[in-house]
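Each structure below appears as structure tokens.
The following pair of complexes shares a single chain, chain A, combined with chain B in the former and chain C in the latter.
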Partner chain A sequence: MRRIVRIASWLYALAVYGFIFLPVIVLVLFSLQATSFPIPPFTGPSLRWYDAVLSDPRLTSALVNSLLVASISSLAAVTLGFLSAWGFARFVLPGSGLLRGLITLPLTVSYLIIGMGLLVLFNWAGVPKSLLAAGIGHVVINLPLCFAIIYSQMGDHQINIERAARDLGAPEWKVLLLITVPVMAPAIFAGFFLSMTFSWDEFVISFLLTRFDTTLPVEIWNLLRSGLNPKTNAVGSLVFAVSIVLVVFFELTLLRRKPA
Partner chain B sequence: MSAPLVDISSVSHRFGQHTVLKDVSLQIEPGSYTILLGPSGSGKTTLLSILGGFVTPSEGKVFIRGEDCTSVPPAKRPTTTVFQDYALFPHMSVGSNVGFGLRMQGVDGATRAGKAREALALVGLASAFDKKPHQLSGGQRQRVALARALVIEPAVLLLDEPLGALDLKLRRQMQDELKAIQKRVGTAFIHVTHDQEEAMALADHCVVMNDGRIEDEGPPERVYARPATRFSATFMGESTILAGTVTEAKDRTSTVATPVGPVSLPGALPVGFAVALAIRPEHLVLGEARGGVRLGTAEVSDVVFQGSFKRVLAVSVEDPSLHFIAKLPATATVQPGDRVAISCDTDQIILLTD
Partner chain C sequence: MSSAGNNPLPRAGHTLPRASSALPWALVTPALGWTLLFFVLPFIAMGFSSLTAHEGGGFTLSNYSQFFTNPSYWQAMVNSLEVTAIVTVVSVLLAYPFAWILAEQVPERWQRLALMLAVLPFWTSYVVRSYSWLLVLAQNGVVNRALTGSGLISEPVHLANTRFATITGFVHFFVMLLTLTIFANLKQLSPSYRKAAADLGAGPVRTFLHVVLPLTLPGIMVGAFLTFVLCIGDYITPQILGGNNELLMPQLVMMQIGRRGDFPLASALSIILMAVVTIAYLACARWLKIERA
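Moving on, here comes the complex of A and B:
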């Protein structure tokens, strides 16, 4: 009886993980297909589709655009998130709880709504559709995230550390730069890498807010409109690989605990 | 007489509705070791924060070296603080921690390292220069915090319960070292504690605080032997307190009626005046009434052996609300339940008029 339960639980685990990872495995597997259709039987392995992706100027420029948007918008989001977290943690502000709620509110709003709102706003303000517009959109979605991560790591212990620095003659900007930022570095890096991950494969906002130069997910969507082929698998696998790397960085920085 | 190094003049402070300091004035002499002693909530830590510049008092002024520092920020005043939790910079080496203050003054790297090494040698941690704070024990971190605060040669060093986080043995050891370091560098130290033993061991000048006020201040020997107030008599060491009323005063001698009978004291006091008489535990005599003043009979309620002495608690037979605290030699043979006569010498009675 116990044997059956054990086997059943193994099967269940297998089914769950299969359900989660099978699509990715299929995607990666058929990106190595040697023939022109990403359907069984598997004819690879071959890297010809990766070669095709990397020699496609539209895809490579979209890839560079994506990296630029992701890194610059994440830098902006993490900087603003850090400063607001520091402000909320160190100063008594009127209506602090309400303001904190408001700053994290975009986390609960769908990207479609945020994208539409920005589209209307930019139209009205005369900001053309561009990578910059998409980047601003990514700051809007990632700032609350960075704020939440960094704010959660700002304890009272650091207050005395900052006081000690001031006491020893440090002006406020040096306290921030030499003490608070290095002490908060794990949370800051975690916020940065998570923002990168989200920005990297964000589609809706980029789709709504870019026109000629666009990001990789939008370019992949363009590609998919002409039907499935192993090239889409290859570029999808690349996106996935970069995401994995970013998530690993995120976990390493946030979850690694320094010996106290 | 030279001008005081620190002059706290009529400082009051409120946190919202709550008044934590009530018209406190205090002067600190150069090179002295001052202890602010009091229970939690007495305002001693707030007073230290005001000295350090972390809190601006609601009223009153603070002068350091004759300059008005009342609202000068911590970075710009000649004080440094050793925080209770040490507040070392966890991402910097011990050497960089100690050199931080000099770095802020724009001192070049080589000079900085040299001075940091000297300061670490002063606190006996020369070998820790390249270590990170988390590699050190509590006592060692404490010394690093001390070296970091001393290296920029402040006029006054402020210590906020610096030994509070250490275990008893280490605390006594660090206590001796603190005193030795203070004598060597000659900087004025102001040290906050609630530990009266620490206060007696370290202070040149002991300030007893309670409820936002200074109850008593002076050399610890004087504060212990002749406390100015009832609070001071019970917080700085223990005392048996007898409430009484002056019934007669003539020829420079007053008679005070107490629950255990009349007590004659030198000095003329107004008749009808309510006073309290405090007697230190080591001055109470139990058994054969040998002292000059009889204090009735008491029943021993508890005997606690403490190594070098026995602490005896006894309840007065004449007034059951009166508890005697006595300190007897370790060889004393009293048992709980014994009835003993209590007495003491006239000149050991501390007269409190508050």
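Moving on, here comes the complex of A and C:
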């Protein structure tokens, strides 16, 4: 009986792993295709489509745009999130529960609706479509996340260290910069990292709020109009590689440091 | 500067400094202001917009009444609900045994790696993920080649641009998400529950049905709700994989903007979609609260 469960478990797990990895393997394999269609039979390996991606100015500038929007909007989101988390965790504010609820509210609304709302507002206020507009949208989706992560990590332990610093005469800004920020560094970094990956991958808000200069997911979307193309495989594989490097880096630096 | 530091506090965390200075407000105002300006205000703008006609003129409810009277709009909501329900059920049914195997059958020291591998494709860009499924399911793609090659079928099957393709793309993503949440749930379960059930004479099947499953149900509900919300609001997966054969709500919303620039109707449809999600939230709130405690 136990043996049957074990064999069935292995088979099932293998099948699910196969299902999970099938599209990724097909994507990466046919990015190395030598001919113009990313369908069997495999004719590679060849790096010509990676060449095509790296020499396409639209894709490379979209890549730079994506990195810029992701890093700047994440920096803004984590700064706003950290300051408000500190304010709510350290001081008694009237209506605190309600206000915290307001900050985390965007987490419950889909990106499409957040993007639609901003589109209607900006259209009405005469704000042109731009990377800045998309960046503003990315702060809206990432701020609640940063706030929730940092707020949940602010415990009694940190309050005591801060109090010690104040008792020794440190002004409030020194407590913030020399005590709170270093102590909260793991949570701040986690918020920043998650915001980076969400912004890097975000499509619908960027699609609605940018026009000519746009982010990588939107540019990839534009590529899709030309049908199946190994160039799309190549750029997709590159994006995947960047994400994997980020995730592994995150695993190694942040999660391993925790005392078990 | 602040009197906060001078307050004698008996125990940390139980008495916080009173907000006697401007400092706390200076800390929370930027985040609150941002949320009000770029989340609440857009929502109000969308609400107003939904009550105007595309052609101009005064207030009207026609955008909302259109939804209820135009069968094709109504159908998009029905499609969305059907697809979301199927995706949620299939994803839970696939992910639960998988998470269970990872948590129970895989040796402890390999679990971290096994889980990391299981969610690795989670990190591909989601536009790319849908495109990859298109490659797999295409008329002369890998699946069709394998099926015709092995002689199971003689003609390639029409898989891409169907509801089946949309569901496959969604299930792929949500199996990974649910495996994560259910795995975490199973690991939190204290082994003493299972030992107690075994001591009282329950076999593995009974222990699972009467102890493990009920205790992990709240976690499943949270994951299922998350699946519902993310699935019903997604535009990319149905647009790339389903094509335009049958529309889901997000596609209908985007169509109003893209083809006709009809912001009022798009606003009204967005608000209706959000109302449906809110109703689902209220229906699940009982189970969702358990996690917050």
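Please note the rule applied: the second predicted complex is superposed on the first by the 247 of 260 C-alpha atoms of A that agree within 3 Å, B and C clash if a C-alpha of one lies under 4 Å from a C-alpha of the other, contacts with A are read in each partner's own complex, and residues count from 1 in each chain.
Assume a contact is a pair of C-beta atoms (placed from the backbone, for glycine too) under 8 Å apart; a residue touches a chain by one contact, two chains touch by 3 or more.
Predicted, not measured: the structure shown is a model, and the values here were computed from it.
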| item | value |
| --- | --- |
| Chain B versus chain C as contact partner of A:Phe30, first or second or both or neither | second |
| Partner chain in contact with A:Pro45 - chain B first, chain C second, else both or neither | neither |
| Chain B versus chain C as contact partner of A:Gly101, first or second or both or neither | neither |
| Contacts of A:Gly18 with chain B and chain C, given as first, second, both or neither | neither |
| Touching partner for A:Asp167 - first (chain B), second (chain C), both, neither | both |
| First, second, both or neither for A:Pro128, with chain B first and chain C second | neither |
| Per-residue contact with chain A, leading partner among chain C and chain B | C |
| First, second, both or neither for A:Ile179, with chain B first and chain C second | first |
| Chain A residues contacted in one complex by chain B, in the other by chain C | 157, 160, 163, 166-167, 171 |
| Chain A contact footprint on chain B (complex, rising order) | 52-54, 73-76, 79-81, 83, 85, 87-91, 100-101, 104-105, 134, 148-149, 152 |
| Complex interface listing, chain C residues touching chain A | 1-2, 4-5, 9, 11-13, 16-19, 23-28, 30-32, 34-36, 38-43, 45-46, 49, 94, 97-98, 101-102, 105-106, 116-118, 120-121, 123-129, 131-136, 138, 140-142, 145, 172, 175-176, 229-230, 232-236, 240, 250, 253-254, 257, 263, 266-267, 270, 273-274, 277, 281 |
| In the complex with chain C, residue positions of chain A that touch it | 5-6, 9-10, 12-13, 16-17, 19-24, 26-27, 30, 38-40, 80-81, 83-84, 86-94, 99, 102-103, 105-106, 108-114, 116-121, 123-124, 136-137, 139-140, 143-144, 147, 155-157, 159-160, 163, 166-167, 171-172, 197, 200-201, 203-204, 208, 216-217, 220-221, 224, 228, 232-233, 235-236, 239-240, 243-244, 246-247, 251 |
| Sites on chain A touched by chain B in the complex | 157, 160-161, 163-171, 174, 179, 182-183, 185, 258-260 |
